[in-house]
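Chain lettering (A, B, C, D and E) follows the sequence in which the chains are written, and residue indices restart at 1 in each chain.
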Amino acid sequence: MNATIELEATGKKSNFEILPKVTPAGEISGEFLEVSMGPHHPSTHGVFRMDVTLDGERVVKLKPVFGYLHRNHEKIAEGTAYLASMPYTDRLDYFCSMTNNWAYALAVEKLAGLQVPERAEYIRVITAELTRLQNHACLCGFLLQDMGALGTPLMYAFREREKILDLFEALSGSRMMCNYMRFGGCRVDLSPGWIEETKRVVENFPRFLDEFERLLSENEILIARTQGVGVLPAPLAINASITGPMLRASGVNYDLRKADKYGIYERFQFRVPLGDHGDVYDRYMVRVLEMRESLKILQAALRDIPPGPISDPKAKVRNFRPKAGEAYGRIEAPKGELGFYLISDGSPNPYRYRVRPPSLINLTILEDMCLGHIIPDVVVILGSVDIVLGEVDR
Amino acid sequence: MDPVFAFLALLTTAGAVAAVSLRNLVHCALCLVVAFAGLAALYLQLNAQFIGFAQILVYVGAVAILIVFAILLTRGSEPGNQPILSSSWQAGLGVAVLVLGALGVAVASSFVRYYPVSPAPQPTVRELGEQLMTNYVLPLEVIGLLLTAAMIGAVIIAMHEKQGPR
Amino acid sequence: MQEILDQLFVLLKAWLVGFFPLPWQPLVSILISVAALILVFALLFAVATILERKGLGRIQNRYGPNRVGPCGFFQPIADGLKMLIKEDIVPSGADRVVHFLAPIALVAPVLLAFSVLPYGRNMAPIDLDAGIVVFFAVGAGTELAVFMAGWSSRNKYSLLGAMRAIAQMISYEVPLILSSVTVIMIVGSLRPIQIVEAQAGYQGWLPAWHVFTPWGLAGFLLFAIAATAESNRSPFDMPEGESEIVAGYFVEYSGFKFALFFMGEYFGMFAISGLAITLFLGGWHAPLPFLEKSIPSYVWFFVKLFGFIAMFIWLRGTLPRLRVDQLMNFAWKFVLPMTLLNILAAGLWRFLPAGATRWLVCLVILLGAFLALGRSMVARRKWSPRKYRFAE
Amino acid sequence: MLGEGIIKGMTETARNFFGSYIDSDRLVTVQYPEQRLPLKENTRNFPFLVHDGDDPEKGLRCVACKICEKECPPQCIFIVLERDEKGKPQKHPKVFDLDISVCMSCQICVEVCPFDAIKMDTEFELSHDDRFRGLLLDKKQLAKPNHYYHKIHPVEAAEVDERLAAEKAKAEAKAKAAAAPKPAAGPAAATAGKPAAPRQPVPA
Amino acid sequence: MSPLDQVVARIGAAIPGARVQILPNDSPSGQHSLLVDHEHAVAVAKFLRDDPDLQLDHLANVTGVDWLDATVKEKAKVRKVINGAEKEVEETLERKKPGFLEAVYHLYSIARNHGPVILRLRTGNRIDQVRVPSLTPIWRGAEFQEREIYDLYGIVFDGHPDLRRILMWDEFQDHPMRKDYVEPDDYEYEPTAHDKVLEKAKKHHTAADRPQL
C-alpha cells in the first residue's frame, strides 16, 4: 500500500532516493483519524508531539513535531566564551551530562590542539561508562514503562542510577549537571575513596543486570510486544545517519569507541554487541549487553588508573582563544554519535558552535519504523529510539 | 393494576418511544437499552428469572453494544438534519391503526379467551434445560445452525470488503 | 461458641429484623443486606487501594504511601477527600447527561453482582436459582457504561479506549462464561450456594474444591485470565493504556466521577474474584479440616479474596501490557479453545469412573492442548529469546 | 513453554517484595525531612561570598573586580563597585546581587575568582513565596563567614586558607624585601584557574 | 583514505565540469574541506557515497554557517603619482567581501572507517540567493538537519522532500541563528538583576501587568 512499508518489510532495497513517505490520501480508502499524540502525553518522554494519522488504529502517517523545548543553545554558546558553554552542554541530554562534557571538551581540544593527561583520560572513560550504564538502564526501564510494566523495571533502574549519581555528586558536586570536564582535562581530581566506592558499585551492578534480565528478557509479553516491531533495515539505518545502539541493533558494527579510538579506548578489551533483526527487542537487548561490556571497561579502567596531573597546564580558564579554524569532534555517547562542530575566528567566543544531536537524527526514521504498526507499537518504537528532548530541541 | 408493573410498562414504552424519536443515534441506542432493561424487569416481575436475566445478558450486554458499534463504525454520531417524521407519516399512522385494530379484533374473537387461565408455572433452570434438550432440541439446533450460517456470512462480507481496495 | 461466632452476622440481622412488624420484615432484611454490602465493600475498596499502593511500592523497592496516619493507612481517606473537593470538569463538547450517567451506570450493576455471592454459611444476600446467570448479566451491563463514558467525553483517546474496552470485555466474556460452565456441568446447578456446598468435605487433607481436579485447575486458570481481562487489570489493562491512550475511556473524568470509575473497577475485581472463589476455591470452606469449625466461614471467604487481590497486585507489578491485537488473538486462539477442551475434559471426568484413569485422561488432554496451542502461538511468529553476536 | 518467562519474572518481583523488608541495599529510599544524607565534600548548590572575621561587610574578600560577573554563563551576578565621595574605587562591592532563579550552579564563578572570594554553598532548602525578590540574594544574604566555609567544604577550605596564608606571607616578605612604599598588587593571579587545586592523588 | 587533493582529482575525473576547491583549515584539527558548486553537488555527493574506495556512507553532521559581509583589509603596492613623481606606495585597500550562507556536511565511512570529508555549499548572498541543492536524496540523514538549517539560517534546499520549519513554530518570521538576528525584546516581564533586559522589557509592558515590587 505504501512504498515505505514494503521496504520496511523486505529491507532489500539499498538505494534510497527520495522515498514517497506519505501516501497520497487517495490511495488508501477509508476514513482516517488524526490524533495528536503529545506534547502532553505520558509516553513521549517530554514535550514531544507526533501527529499521527490512523486507519483504525493503524498508522498511515506520522509526523514528529518538536521544538517545544527549543532555547537556541547554539546561539547562546556563540555569544559566550568557550568555557561558559560547558555547563550548558549538561542540559542537552540531561541524562548523560558527562558524555556531553566530554564531546565538547574533545572538540575544543581538537580545535586548540590541547593534550589530555593520562589520568584525566582514565577519569573520562570511567565517568563516560558510568553514564552509559545509567542511561541504558533507565532507557530499558522507560521502554518497559511505555509497554505498561507500571514502573517496576524503571524503579529498579533508578535504584541503581542513584548509586551512580551519588558517585557523580562526590566527584563533581552535582548529580546530573556535572559540568566536570575542562579543555585539556578535568576540573577536580578524584576525592579519596572515590575509586573504592566506584569499584563497589561496579561490582554490584551485574546483580542488577541479572535481576533485570530475569525479570523481563524472557518474558513472553515483552517478546511478543517487541520482536518484529519497528524493524529498521541496516542499509536504511546507515543512510539515515542512525548511530549508537540503534545502528548496532540493525547489525552494523560501528562503535566510535572502536572506530575512532578517541581517548584511550584502544587500551580496553570490550566487545560490541550486534543485533540481527533491527527490531525493538534487538535495540533493548543490545543496550543490556552493552551495559555488560561497559562493566568490563570500568573494571579495567579502575584497576589501571595512574596517578598524575588531571589537566593540561597549557589550558587556560580565562581568556581562552583558540586559533582561527574549525574542528569537528565526536564521541560515542550512550544515545549515539554526539558531535560538536566549532569554528573559531580567534576571538574568545566560538564563531560557530554546533551540536550534532544523536536523538534528533535518530528520529529521522521514526515514521518509517512506525508505518503499518498500531498506536501501542508507536509508543514502544519511540521508546526504543531513546530520545531526550533537551537534546532534540536544544 | 400493580404499580410496579405500571412503572415498568411506562419505562419500557417511554424508552421505546424515545428510541425512535430522538435525533442523536447514540441516544436512541441508549434509550433502546432502557426499553430492553424494562422488558427484562417485566420478565422478572412475572417470576421468570432465567428469561429475565438472559434478556439482560443478551440484549443489554450484547445486542445494544452491537447496535452502538454499528452506529459508530458506519456513520458519524452527529445528528442528521432531516426531520424526524417522514412526509407520509399520516399514511403510516393509518396503517398502524388498521393493523392494531385487526389484531385486536382477532384476539378478541379467538378461542384463547374462552379457556380458563392455567396456573402460572414456576420454571426452574433445570426444567428449562431439560425441555430444551428433549422436546425442543430440534428448534434449538436449527436456530443454532441459522446463527452460525449468519455469522459465517457476516465474516465473508467483512473479509471481502477488506480485500477489495487494498 | 464457634457456632455463634460463625453465624454472628446472620443472628445479628435476624435480631435487627425482629424489631419491625412482619409485613416490613422482607424489605428491612434486604435493606440491611444492601447497607452491609456497600459498607463492607467500600471499606474493602479503601483497604485494597492502600494495599495495592504499598504492595506495588514494596515490589518496586519503595515504601509506598507512608505519611498519612500510622504507616500511611489513612491515605485512602486523604485520597477520598481530595477526590471530593476536586473540581468536576466536563469537557465543553461533551454530552453532559450521558457523561454524568456513565459512572453511575458502571457502579450500580457491579453492586448488584455482589448480591448473589455467598459470603459465608447462610450468608448469601439473595438466594437465586439462576445466580450465576445474574452475575454475568449484570457484568454485561458495565460494557454499556464504558461506552457511555468513552463516547460522551468527545475525546479521541477516550473513544479509542472505550472501543478497546468493549472489544476486550466481549471477547473475554466468552471464555469467562465457558470456563465456569464446567463447574455448572459438574454440580448441575446455577445456584451459587449449591456450588459451594458441592465443594464441602475433604479427601484426606485435600479439600474437595474444584480447583484440585484437572479440569478445575485448568478452568480456574482460564477463569483467572479472563477475569483479569474483564476487570481491566494489568497485563490486560489496555483500555486504560496509560502510556498509549492516556487513560482510555475515563480520561475526561475528574473529581468524584473519576473516583466512581476507580471504585467500579475495584468492585468489579472484587466481584469477579468472589465468583472465582465460589466456583473453584470452595467458597467459604476452610482449606484444612480442623480449621473448618474453629474459624468462621466468612473469614475464609475474605482471606481468599485478599489472596486474589494480592495476586492481582503482584501481576500488575510484574508484567508489561499486551498489545490490543495480541490480546484478541490470545482470547480467541488460545483461551477459547482451551475452555472448549476443558468442557470436554470436565464431561469425561463426570462419566469416567473415579480413579487414576480419569486423572490421566484429563491431564493428557489439557496439558497436550496447552503445549500445542502455546507452541503454535509462539512458533508462528518466531518469538523466542535470541542469541547475539559480538564484534571485537 | 508458554508462561515460563512470566513465572520467572513473578519470582523476581516476589524476591524484591520480600527483599525490600530485609535488604537495605534494595530499599534505598531516604525519608527526607527526617532523614538526611550527609552532604558530599564537593556538593555545590548556589554561590556565597566568603568573609574573613566576623564583620560580613568589612571582611568580604570580594574586591568587586567583576570577573565572575563577566564569566557567569547565565549572567546572574550583578556587581556595583563601591566608590568614596571623590569617586575613587574602593575595592569593595557596593551591590552584589545574585539571582538564584537564574543561576545554574555551574561553579564557573568560583573557578575564575582570583581572590577565593566566592564559593559554592550546599544549602538547598531555599524555597520562597516570592519568586522575584525572594530569589534575588543580596550581599548581606550572600556573605558567610570563613568558618562556615570550613564546615561545608573542610578539605577545600583548608587548602584555600593554606594558599592564602602562603601568598600573604610571600607578599609581606616581598614588601619587606623591596621596602618600597608600593605594596604588592593584590594576591597573585597565578591561582586563577585552580580554586580547588589537585588534591593528593589517590593510589590506584 | 587517499589525501584530499587526490579525492578532488578523482571527483574531477569522474564528474566532468565539477568545480571542487579545497578550503584549508589552519587549526590543529587539520580538517580541510571541499567547496562544491551547486550544479554538481548532488553528483559529487553520490560519487563520494558510492565510490568503492571512498564509500562515505555515513553523513555525520550537517550544519549551516553564516558569514556576514566583511571588509578585508589588504596591503598592496600601488603605483601612484605623488607630487609629480610616480612612486610605488604601499596602501591598505579595503575590499568588501560579500557575506554568504554555508551548509557544511561532515562525511564518514562506516564501511572503510575513515573520514571526515567535509563538503561545503555556499549561497550567493544572504538575502535573495539562498538556494542550494539538497543532499537528502543521497543521505536520508540530512533530512532533519537540512530542515533545521532552513529554519535557523534560511538556506532553501532545492529537492528536499519536506522543507518546513522544525524547531521554531511555523509562523515565525526570522532565522534566529543568523549573526545579524535581533532578539525580540517583548519578554514576559520578570524582575532580574539585569538592567538591560529590564529596560527592554519595560517598554513592552504597561504598569498594569507588572508585578508589584
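As a convention for this text, contacts are C-beta pairs under 8 Å (C-beta built on N, C-alpha and C of every residue); 3 or more make two chains touch, one makes a residue touch a chain.
The structure presented is a predicted model; accordingly, all values stated were derived computationally and were not measured.
Geometrically, the chain at the heart of the complex, using CA-atom means, is A.
For chain A, the chain whose average C-alpha position is most distant is B. Two chain pairs are in question, A-D and C-D; the one with more C-beta pairs in contact is A-D.
When you average the Cα atoms of each chain and compare centres, the chain farthest from chain C turns out to be E.
Centre-to-centre separation between chain A and chain B, using Cα means, comes to 61 Å. With centres defined as mean CA coordinates, chain D is found 79 Å away from chain B. Measuring from the averaged C-alpha position of chain C to that of chain D gives a distance of 58 Å.
Computed from the mean C-alpha positions, the centre of chain A lies at a distance of 26 Å from the centre of chain E.
Within chain D, residues 2-3, 6, 9, 12-13, 16, 26, 28 each touch two or more of the remaining chains. Taken residue by residue, chain E touches two or more other chains at no position, since every residue touches fewer.
Contacts with at least two other chains are made by no residue of chain B. For chain A in complex with chain C, the touching residues are 33, 35, 41-43, 57, 144-152, 155-156, 159, 215-225, 227-228, 253, 255, 258, 271-277, 281-282, 285-286, 289, 374-377, 379. Against chain A, the residues of chain C that register as touching in their complex are 56, 59-62, 156-157, 160, 234-235, 237-238, 241-246, 316-326, 378, 381-386, 388-392. Those residues of chain D whose C-beta lies close enough to touch chain C in the complex are 1-3, 6, 9-10, 12-14, 16-17, 19-21, 26-29, 31. Chain D contributes residues 2-6, 8-9, 11-13, 16, 25-26, 28, 40-44, 67, 71-73, 104-108, 111-112, 120, 155, 192-193, 196, 198-204 to its touches with chain A in the complex. Taken in their complex, chain A has these residues touching chain D: 80-81, 83-88, 90-91, 119, 152, 156, 159, 162-163, 166, 169-174, 177, 179, 187-195, 204, 211, 214-223, 303-311, 316-318.
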